[in-house]
Structures are given as structure tokens and as C-alpha cells.
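Structures incoming, each one as C-alpha cells.
What follows is chain A paired twice: with chain B in the first complex and chain C in the second.
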Partner chain A sequence: MNVEKFSYDNQYPKLFALATIFWGVVALLVGVTIAIQLYVPALNLGIPYTTFGRLRPLHTNAAIFAFVGNAIFAGVYYSLQRITKARMFSDVLSKIHFWGWQLIIVAAAVTLVSGITTSKEYAELEWPIDIAIAVVWVVFGINMIGTLMKRREKHIYVAAWFYIATFVTVAVLHIGNSIELPVSFLKSYSVYAGVQDALVQWWYGHNAVAFFLTTPFLGLMYYYLPKAANRPVFSYKLSILHFWTLIFIYIWAGPHHLLYSALPNWAQSLGTVFSIMLWMPSWGGMLNGLLTLRGAWDKVRDDPVLKFFVIGVTAYGMSTFEGPMLSLKNVNALAHFTDWVPAHVHVGTLGWNGFMTFGMLYWMIPKLWRTKLYSKKLATVHFWIGTLGIVAWVIPMWWSGITQALMWKEFTEIGLLKYPNFLETVLQIVPMYIIRSIGGTLYFTGLLILVYNLFKTIKQGSFVPEEEAEAVPFDRTPEPVKYGMIHRYIESKALLFTALVFLAIIVGGLVEIIPTYLVKSNIPTIASVKPYTPLELQGRDIYIREACNSCHSQLVRPFRSEVERYGEYSKAGEYVYDHPFLWGSKRTGPDLHRVGKKYSNMWHYLHMQDPRQMSPGSIMPRYPWLLEWDMDKESIPAKISAMRTLGVPYPEGYEDQAIADLEKQANEIANDLIQNGIDADPNKDIIALIAYLQRLGTDIKNEVAEK
Partner chain B sequence: MRKNKLFNWIIMGIFLLLASSPLYAEDGSHDTLSTVIQVMIAITVFFVIIVLWLVMVYSEKNDTEGSGLKKFFGSKKPVSVEEEEKLLLDHEYDGIRELNNRIPPWFNAILYGTVVWAAAYMIYYHVIGSGNVQEEEYAEEMRVAAMQHEALASSGALIDENTVTITNDVADLNKGKEIFDKNCAACHGVDGGGIVGPNLTDNYWIHGNDIKDLFKVVKYGVAAKGMPTWEKQLTPKDIQDVTSYILVKLHGTKPANGKAPEGDLYE
Partner chain C sequence: MFSNLLSSIEDVSVYPVITLILFTFAFVLVVIRLVFMDKRTVEEMKNIPLEDDNEEFITNNENNNEKKQII
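Moving on, here comes the complex of A and B:
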């Protein structure tokens, strides 16, 4: 056959790479800011838009979808063309993908700081942006599968298997988790409620880690690591084994985020056992990465690219061992809701995603600009500062997580909580927060060195937008399928491969989610649990807007220490009207599920005005704007009707009465405050928030009273 | 080759049947939930095995003899870097070659070990056990706590100088006498009339006449007056018993040779 001449598109790998660097700086800067806010709450400068609750989702979204996302696309667009010996399927799609993704990021940044959020972690963006993400993601998918279809290599290389799994699964997860009912242009409610919403969310959330932070990077590893080391991949067999087991098992493990919760036990147990089974499939990637370096360890000594890869892959191995351990119920009983979890996450993000990205950029940018890296020395400095930064980030958070857990659970000799005041357990770990922020700053400094180094590299090189290449198209006559060669056969069929990936990843989610949805006994109803009043619903939306769930859980776990501290443990039936669920994933502050009626209205009022008035030393930011902003009453009828559509039993026509009911309840609360000498206005946000907080977790007490 | 394949499928079928049979061996008294759980477990086990099986059978090139199983657990030794040419596969992607090294045996051992463990875990908690894992654990934790509380209450560990009250229980007072005779009589006299220590039967008290005052004196002692600290030797319950004995039984008696009053008069 004839040799075909064509060219690789370097334009979009370049743009994505530059975007990676830009958003990396933004994401890390916000990260460092919120790390410091945890011990200097006044660092929000008294502005709602820069307060922890709003910046935290900005940080996570920017880090995951902007920084890591662009890095994935840069890496995929560069490597996919070369392992398939084909130009990207369509330049137009590349363009839509690139600019669409950047627009989404900007829209995300603007809406998140404005408090426009669904509250679901890593899926905070509201429905118009969700739709845009789905569209752009499918554009990416078409572009990728299209490229695979017109490839000139007969077989698809393992890197692309992981790319395919990434595309397919993220599409399924994003669409599945984002099904929401719009109330207005920028407000929606999750169609799932309570326990079901929690399960769907963590099916998504866990697998966002799996298929946005793990599989694409394994794909990148399989291209960039052997390229940089100039060594063959250790074991093709191992690639097959760990690829299929990884994508199949990963999807089941979501419920390990919900151990000891109101989720049915069988689903929790599935989360645990699948997490344990996930250990070796994850390590398969690490082994294949590290063992590929056999015979090349001397190169690691003086090549910063390989240094980054080695630490990156090692960090991956560490966090994928820690993950299964954290999924054991007895470990999870201790670690959940503590700083141990962010420590675990950051081994993965800073170590694996960050370092793999840096290594890839140091390798790829000089290639794209036809030059050498400006300074190996600076890259090595970046490597060491970054490594030190990770250590200084993670170790204090492990320490602090274990400290918190032990303090929360400790009883005195005579059976009382040793630290009944939650604040004591917070103040104990403030020094750890300080060290953590120093670690983050070091890591950020490393990134700035990268920016300088790559800027200099780019300046000394000359960019080649079209890279000439040639290849012989493969023989498309079908070959007989032979026993022992089946996988080889599947590798030569892009669509078949994609379909099999889809099958492998769809099973786990369906088996866990459908029964939780359909089988009544999974969510035993509680007769005394009633829908929220309009004012409480309004307050709940304020709770969501200010992202209180970033620091406060609403889930009392079935442990003596928690029941003693907070009250009766949370039951599945209490959440049936919670669209979305607000269980949270971290207790920087205490749990709030039983906070209702625990304090007076006045206490809440003064606490929101300045938490330190009521709890000296508290690290919660002030929320003075809640006392000043007018409540959005007009949206209430639409919200009531949306909730009814989702199955919340508001009577027909209640919309017309809702505002009057809201005002009546608001006046009661305001009058109570006024009687206590506070100059309260029933039209302000604070009144709604108080109403919501006072309602939280109280319905179940009425049941006891009725009995 | 065909024969091997058939053999492998038969083995797998048997294994699947073995793995799933206990799930259906239960009687018919289950509600929908446990039926669902059983089906879930069966599906889970089934798919795990299918996936691992596929990998096992097809993970090698068609270049070695033997069945899938044999190839998978194969006897090939790990290959050194110098010899690896032999393992190079015949394809390359943008210059990347692939070796076909064996999967480390420890890797397989742990992988399949966790699968077996997972099946055992599910069967243990959800087929043999009731499945109400966390509710049972919670009940157990609370039961232990209640037992501890009871033990503390009966040992008097919950008693201190702020909470102590007089006990009129006969057994307690007898215990109090026992403690008094053993520890206190040397200084205060068996009859409480006082020897080195003051008289405990009259209405005069140096440190107050309330049980709480007495409790404090016994517990912490009065170093200046030679009264020792007893909290290391007597449990709070012991101190309650002995102080009650003093106030209920000794106080108001008029022992012969009683020591002269000391302290203030309390009516």
C-alpha cells in the first residue's frame, strides 16, 4: 500500500497546554487563599463572593475541570494523533471543544462566586452550564472516536483505551447526576432526593475521581512515560488485566463515601468490597508505569520529566492503597468527615495529577516549539519544591484528621464526651492548617517556576502548527478471530471497544442505583416528616447559596459519640423531601442535622452576624450580608410547584398561599428577635435561614411526641 | 485448542454455581429487600468473575501452548532487562514498544484474594447475617456503654463531692462500718469517739457537717491536721458508704471516753 502523507495538528495541543498553565495558576491561587481563610476567616475581606463556601467549589472546579481538564485535552490531542497515525478528526470540533471548554470554565467561575450552585460536589454548576458541558464533552468524544475511526494503526494502543473509557464514563456520569428540574434560568432542584440523591451524587463524585482524574492520566502515562524514558512498556498482559478490572470495579465503589450513613447497608457493603477489589487493578497501572522504567533509572537521576513521573506514579500508588483502606468500615468510622479525606485527595491531585501534568508539559512544550527546555535546573528546583509542598500539605492534614477523629470520639472515664464543645477540636488543629497552607504555597511557588521556565522555552523556540508525518494505512480486510487473540481483535475495532467499555461501566451503577430507587424498604418512610414550609425552603436555598455544606454535614452517623454530641442518628426517611441532599463530606464545623431548636433564634442571628460573638475563637466567617439582603420571595411559587413536580406533597394551588405563609412565619421569627432586643426585619435572608436551621432534624422528635 | 476452551467454560460454570448456590438456599421468609440483595450479590459475583475470566483467557498472545489457565498462571520466569528482546511484541505505536512480561504472581494472589474476600464479606454480613450491619453495631455499642454506665453507677464512680448523698441502705452502712473499722478506727476510735482524730459523734465539726463536706475531707484529706488523702485507696462509693455510716450510725451516739468537742457547733 502507498505511504500517505498528512500532518499532525499542533495548534490545539498548544492551546490546551497554555490553558492548563493559566488555569493551574488560578486554581492553586484560590486553593492557597482558602487554606489561609481556614485560620484567618477575615481574609474574605467581608465580601460574600470571596467567602470560603463560594471559593471552595471554585477551587475544586478550577483544579479538576480547568487545570486537570485542559491537561487531559492537551495530552490527548497530542498523543492520540501520534498513536493512531492520524490527524484529529476535525479541526472545527477541536475549535468548538477548546473554546467551549474555556467558556464553561469562565461561566463556572462567575456563577460559583455568585452563589449560583446546585451544592452537589464537583457538580455544582447549574443546569445551563451542565448542558453546555454535555455538548462540549460529546464534541470531544466525536472528535476522539472519529480520529480512532480513521486511524492508520491497525490496533488501538492502551493509552487510547483509557481515553475511550474516560469519554464514555464521564458522559454517563455527568448526565446521570445532573438530571435536575429547572426552577428558573439559574436555579434547579435535583430530581433525586435524600438518600437516592446521595447515592447518585457519590456514584458520580467517586467516579469523577476515577474517570476524570485517574483513567485519562493512566492513558497519558502510557504515552508520555515510555516516550520520555525511551523504554518499552513493561507488560501488555498487565495492561489488559488492569484496564478492564479497573473500569469495571471502579464504578461500584461510590458508596464508600456514604459508609455509616442512612444509605441501605447492602449498598454500603458493596462500596466497601469493591473498593478493596480495586486495590490491585489500580496498582496495575502503577506497576506498569514504574516497571517500564526498568533499565532507565539512571535517566531519572538527571531528567526532571522522569522525576515528576516517578513521584506522580508513586503518589498514585499511595493514594490508591489509602483509598481501599479508608473504605474499610472501621477505618472509615474514624476518618470520614475529617481532614484525613482532603489529605488523601491531595496525594492524588497534587502528586499524581499535578506532577504527571508538569512532567508532560516539560516534555511536550519543547517538542511543540521545536526546542529544548530552557532550564533543566529550574525544572529540578520545581520538582523539589513541589515535592516538599506535597509533604508539608499532606502530613499535617493526616495528623489533623486523626486528631479530630479521636477527639470527636473520646469519652471520659465516667462516660461523658471528653470534648463536648466542638470548637475545642477545631482550635486543636489550627496549627496544622497553618502548616498546610505553607505546603500549598510551596507547591504554588513551584508552579510559578514552571510558568517562567516554559515561557522562556517558548520564547527561544518556534512553534510548528502543522507537523508533517507519513504512514501506511492498515489492511482493513477482516481477520479471523482466534482463541487467545480475542483482545487483539477487539483492539482493532474502535466502536466495538467503546461498546464493551460502556457495558463494563454501566453495570455497577445500575445495580446499586435502581434498587435504591425502586425498593420501598430501602427508604423506610417516617410519618411525621413533612415538607419544608416556604420560608424554610427559602432558607435552605440560602444554605445552598452560601455552601454551608462545605464545612457542615447533615448526617449524624450511628455511633454513640455522635448521638451523644448531636442527637439521634439520621434516618433515611428524614431526607425524603431533600432535593438535593445536603449531607456534606467534611466537618470543619459541627454537624447540623439536629441543630433545630437547639439554640434560640437570637443565638443564630448573632452567630451569623459574627460567629465569635457566640463562640469565641470560631473560624467560621461572618455573614453580615444575610442581615442586610432582602429575601427573594417572588421565586417561592415556582419553587413550590417545582418541588411538587418532583413528588413533594404540597397541596394543589399551594403556590398562591405560599408567600402569605412565608410572611407569617417570618414575622413570628422577627417578633421573637425583636422581643429579645434585636432590631430584626422579617424581609431579610437571615430570617429564612433561621427558620430552616430551626426546622432541621426536628420532625423525628414530633414522631416521638405523637407516640 | 477447542477442547481446552470447552473445559475452561465448564470449570467456570461449576465455579459460578458453587459461588451462587448459597444465595438461594434461604427459606422463603425474606422480604423484597433481601431478595434484591441476593440478586445483587449474585449479579455482582457473576460479573466480577466474567470480567476476570475474560482477562484471564485472552490476556496472552497466541504464541504459547496450553490452556488459558495455564498461560495465565504460567511458569515463565520474570525476564531481565538484557533478555527482554524475546518478550517484545511485534507492534509499536509512535515508537513505543510493548513487552509482554508476566503478571507478578503476588499481584494475582492479592487480586483474586480480594475477590474471594469480597464474596465472603457479602455472604457473611448479608446472607448469613441479617444485613442490618450498622444498626446492630450501634445497638451493641450502646449496650456496652449502658453496661459500663451501670457498672460505674454501682461502683459509685459517678459519685463525687458535688453529687454525693447519704445512703441509708443497710448493706451500704454495713460496708461503711467495715471500712471505718479497718481504716478510720485507729485514729477516730471504733465507736467514733475520737483518739488522735476528732470526735465524730458530737455536734461539733471542724470542716462542716454535710455529707458533701465529710466526703471532701475523706477524699482529699486535711494535710495540716494529719488527716490522710483516701481517694487513692477508697472508691467514691466506699467514701459514700463510710461517710454515711458516720452520719447515720455514729453521729449522736454518746461513747464513753469521747474526746472533747472541736470545731464549730452545727445544730
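Moving on, here comes the complex of A and C:
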């Protein structure tokens, strides 16, 4: 047997690790800022670029795709080479992957604060960036599968299975959810509308959590936890079982984000059932991780790396218990749209992704720089501050979520809402927002300690870009396939394995989506629901630009408490022209689906100028620039034509008339404002936004009137 | 059991049934595979991450020292 000499590439694990730390600081800093903005709205400084609606997607994208994303790549590039005993497939691809990904992040940051967004959660980026993501992602995939194909180790270790599942599924999700029709260079409309768009979005959103925040980290857990504990994983068989069940089940559970919505009932039930089933494989993974430490718990006392891993895996177990629980319809009725959901999310991101990443960095950086960690003590301090930060973040948000939900639903003895003013329920939970921001600050402080500690570590070590290694390549002559060896055969074929993973995830996706997608009669149409006027369409795009949907839902659920508070519950047929849908996922402010004609134009004008003029104590930021910025009228013909392509029934040639119609409606609103003593200009953004808000949810009232 | 909203789709209730059958089928396949898996292979695979340490390269790794003592 020939022993081959080769070297591991340490350059890209290093660059990705440094990028992880850098973007982690950015993501957490933005997170702390918006947490404080929720009780100090003036912290947006009165300018659009630092306002909550724009910073919130910046925070989520930076945390998920920049911080966690780079951590995944650092971890994969380091571990994959070592479990395959092969150098990464191509240095050029590694380079394109690294720099491409960082450029995408920068482009994302610039566009998001500029209000260039599709509004779809965790998929806010506009179409040119979407294309770049797809290309870079495929580069990553080729680099990874190429490495697996030229590997020297015969078996593909389970960590790599999770990496493959990550690559395949994220590619499918990203492309499926990003199908949009460009209107201009930085503006597009989702090809899906209303309920369909919601279903596709949450099929994506849910599985982005599954295959970007979960499967890659399970892969990392299966490598770094055994390494740090210096013992093999507890049960390899369990890892196989929970791998296949996890990737098979996860993809079906998306509709649990849309319970009690206008989504068809069968899809909701399917989502719930699969969510509960998901609990089992998730805990299979958690137990496998924790039990790896059996007999080695004494090491946890001394080793900060293991401490981070233990809390990380435990947080994974907690959030995967909480997830199925939240998808029970009766729990969801209470928790949805409240702070309970961000609490659940942050157990996962701060605990699982954050702590696994920190543990991995504390282990890997000294290895890459051929030295020891500068200070175990500081790492332990980081661990405790971080843990305290998570607790101080999550518990107040559980508390606030349940408190507010109960207040929303409480009736007096004579059957009226006890808290009819939404603001009252907000003021009640402001103290919780304050504690949460302290929790976030603690967690952020922990990260700064990591930065210092690792900086010192790097300074005392010397980086080894090429790590010499040797291995015997395995015998590639095909074995005779015997009974019981089929899976091993599959496991040893990287491409075949990838294809099977694709099959497992695509079945779920298709069965879930096809019925809603193809059957038109699926969504009962309502005759009185008409397309938006040009001015309303423009207003809707301003609503999207300012990300009003970050804090306001447009979905009245069929509960007595919601019908009483907002009006008639929302019907699927009301959204047929909504490209994209704007249901939102969190009610920091009240639902807006029935806000049309509820208040006067003047009320909206003054409310946007300064919300506290109309609702003293409101935590909504001011939007003074809406009163100053000129409305964009030139884009209207292109938008009308794009909407018609997507099936919105504007008459042929309406483009030519659209601007005139827009100005006519704008003048009507401006005249109404002027009559009420406001010095309004029909050419400003605010006019379009008011037109849109006044239209919201009013179409079905017309139907009643017609009858 | 399912909403009347969808009565227009023929046999919509067949979807959950299909899913259940598919899942059970996949699950049983994996379990069968696990039952018949060769113990030695499992051990080999399990230890893959622990084999890659380049002893000469990593000079001051406590874990490695400990491993040497065990060996």
C-alpha cells in the first residue's frame, strides 16, 4: 500500500474563522441596538437607515448568513479535509467561495439599510444578490463533493452527511423561494401571491432554520465534540437513524408557521403532525451529543470548549422541544405573533449556534496557530457571561410573550375586550424589553472577551498555512454487493448519496406545495377583491421598503378576541393580488389588515410624522422622511406590466394611464389633508402610503355593501 | 377531518396518507440497515475523527498526551 503525502489547507478555515468573529460582532451590535430601540424609539436618530424596520433584517441576515454562515464554512473546511484525509478539492473554488460570500454580505448590508428588500423573512435580498448567492453556494457544493470524491478515507463520516444535506437542501430552498420577476435592477416581485407566497416562504423559512442553522451544526457537533472530548461519538447507529429521520421529516413541518392563518386546514394539520414527530430525531441528536461525554464529565469542569458544547447541545434540545410544542394549535394560538417566538429563536441562535461556534473557535484557532489558548480563565468568564446573557434574554421574552397574549385575549364580564387599546398591552411589557437588551449586551460583552482572547492567542502562535499529512488511499475496486451492504455502498458514493438526500427532501417539499400551487380553486376567490390602484401599489412598496411588516401583521386570525379587536378575520381570497404576501410574523404593533378607513388621512399623516402625537407612549419610530421624500412615479408603468405578467388583471395598455390615475388619487388625498389644515404635497411618499393603508382589508366590505 | 375549503381538490386526504406511508417505509429501511450493520465497520467509522491527529505537528495538545498515555 502506498502512503501518500499531502497537505491540509489551513488558509480558508482561518479566513472563514476570522470573518465569523468580525461579522459576529457586527450582528450582535446591531441586535443590541434594535433591542434598545424598542423602548427608546428616538435611537433611530430620525433617519431612515438606522430605523428598526431596516436594521432588523440587517441583524437577522448578519447573524444567520454572516456570523453563522462563516462559522459553518470555517468548521466544514477544517473538518472535511480531516475526515476525508484529503485536501479541499480546489483552492480556487475556496477562494471564490470565501470572497464571494463576503461580498454578498457587504451587498446585503448596504441594500438592506437602503430599504432595498423583498420583505420575505431571511430572504430579504433582491434578485441580483440572490443569483450571486446561488452561484457561490454551488461553488461551495462542488468544492465539498469534489473533496469527498477524491478522499482517501473509505467511509464518509456522518458529519459529512450533514454537510451534504445542508448543501443540497439550502440550494433547493433558496432557488424555490427566490423565484421573482425583476421590475428593475434592484426591485422585483415574488411570482407567488398571497397564500401561496406565504406557504413557499415558510417552507423556506422553516427549512432555512433546519438546514442552515441545524444540520450543518449537527455535522460540526459530530466532529468537534468527539475531538474536544477525545472520545468517539456515543452511538454511530443513532447518528445514522437521526440523520435520515431528521432530513426526511423536517421539510414537511413548514406550515406550522401559518396555523390559524388563511392557509388550507389540511396543510396546517400536516405541519403540526410532522413538527411533533420531529421532536424524536432532534432529541436523538442531542442525546447522542451529550452521551458522548459519558465518563468524561470531569473534563467539562476544566475545559471551556466542552462547557460551550454542553450548553450549546442542551440549548438545541430545549429549542427542539419548544418548537413542536409551539406548533400545537392551542399553544400557537397563544404564542404566535408574540415575544415567545423570538425567545424560542434565540434559545437556538444564542445557545446552539452561538455557543457551538464559540466552542469550535476556542478549539480550532489554537490548532491553526499551533499554540495553546491564551487564557482558559477568560474563556470561562465568556462562558458564564454568555450563559447569563441568554437567560436574561430569553426569560423576559417568554414572560412578555405570555403576558401580552393573555392581555390581547382577555374579556370583561360583559363581553368586551379588557384591553381594547393595543398600546396598553405594549406598555405592560416594556420593562421586559429593557431586561432583554441587558441580556443581549451581556452576551455581546462575552463575544468581545472572545475577540481579545483569540487575538492574544493568535499573537503568541504562528500560523501554519499548509499542514503536512499522510494517508493510505482506500482500495477503489468495487466490492461485490452482498445482502445488508447496500447502504454502505450508497454511503461510499458521494454523488449517489447526494442524490438520495435530494430525493428525501424534495418529496416532502413537493407533496406540501403542489396542491396549493396548481389547483386554482384551492383559493376561493372573492368577487369584490380588486387589484391595487397605482398609488396604492406604490404605497405598498413604501410599506415594504420601510419593512412595516417587521412589527405589524396583516392577518386577523379567526378568534373572537381578534375579530373583536381588528374586525372580520382574514380570508385567503383577499390576498390573491399580493406579490409578495405581507402577513408578518410578529405583532410589536397591532395588526393592520383591517386598518383601511379606520382612521382619517390626517390621523395617518400625523402618526407617521410622530406616532406619539396620536398615541402617547407609542414605541413606534418617527418617519419624518416620508413627508419629505418625493414619490417615485416613473417606475409605475414597469410595475403594472410586471404585475400583469404575474396574473394581476390590469387591462392591456393600462401602463399609459397609470401615472395620471396615480396623480388623480394623490390629489384627492392631499386635498383632504389640506382641508384639515395640513400643508400636504401630493407628490410625497406619505400620500402613497396613506392610500395603501386606507385600502387595506376594505374590499370585502364592498362585497357586503353590494349585497 | 379536513377543511371543506378544499373539497374542490379530489381526495385531498390522500396526501397525509401518502406522507405517512413514505415516512414509515424510509424509517423501516434505515432500521433494517442498522440492525444488520457490521459491528467492526461501525467502530471504524466512529473513530474517523480521532485518527487525523498529526502527533508530531501538534506539540502541546493535552488531549493527545493523554491519549498516548492510554495507548
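Please note the rule applied: the second predicted complex is superposed on the first by the 705 of 707 C-alpha atoms of A that agree within 3 Å, B and C clash if a C-alpha of one lies under 4 Å from a C-alpha of the other, contacts with A are read in each partner's own complex, and residues count from 1 in each chain.
Please note the rule applied: contacts are C-beta pairs under 8 Å (C-beta built on N, C-alpha and C of every residue); 3 or more make two chains touch, one makes a residue touch a chain.
A quick note: this is a predicted structure, and the numbers were derived from the prediction, not measured.
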Superposition on chain A - do chain B and chain C clash or fit: clash
First (chain B), second (chain C), both or neither touched by A:294: first
Which of chain B and chain C A:260 touches, first, second, both or neither: first
Contacts of A:414 with chain B and chain C, given as first, second, both or neither: first
First, second, both or neither for A:569, with chain B first and chain C second: first
Which superposed partner A:468 touches (first chain B, second chain C, both, neither): second
Which of chain B and chain C A:558 touches, first, second, both or neither: first
Touching partner for A:280 - first (chain B), second (chain C), both, neither: first
Touching partner for A:372 - first (chain B), second (chain C), both, neither: second
Comparison of chain B and chain C by chain A residues contacted: B
Overlapping contact positions on chain A, where the chain C interface meets the chain B interface: 79, 82-83, 85, 153, 155, 157-159, 222-223, 226-227, 232-233, 236-237, 240-241, 244-245, 248-249, 252, 264-266, 269-270, 273-274, 277, 483-484, 486-488, 504, 507, 511, 515, 519, 521-522
Contact set on chain A toward chain C in their complex: 79, 82-83, 85, 153, 155, 157-159, 222-223, 226-228, 230-233, 236-237, 240-241, 244-245, 248-249, 252, 264-266, 269-270, 273-274, 277, 367, 370-372, 464, 467-469, 483-484, 486-488, 504, 507-508, 511, 515, 519, 521-522, 524, 572
Contacting residues of chain A [partner chain B, same complex]: 79, 82-83, 85, 153, 155, 157-159, 222-223, 226-227, 232-241, 244-245, 248-249, 252, 260, 264-266, 268-270, 272-274, 276-277, 279-281, 283-284, 287, 291, 294-295, 329, 413-415, 482-488, 504, 507, 511, 515, 519-522, 558-560, 563, 569
Touching residues on chain C, where the partner in the complex is chain A: 1-3, 5-6, 8-9, 12-13, 15-16, 18-19, 22-23, 26-27, 30-31, 33-34, 36-38, 41-42, 44-50, 52, 54, 57-61, 63, 66-67
Complex interface listing, chain B residues touching chain A: 1-2, 5, 31-33, 36-37, 40, 43-44, 47-48, 51-52, 54-55, 57-62, 68, 71, 81, 84, 88-89, 91, 93-104, 107, 110-111, 114-115, 117-119, 121-122, 125-126, 131-135, 137-138, 141-142, 145, 148-149, 152, 157-158
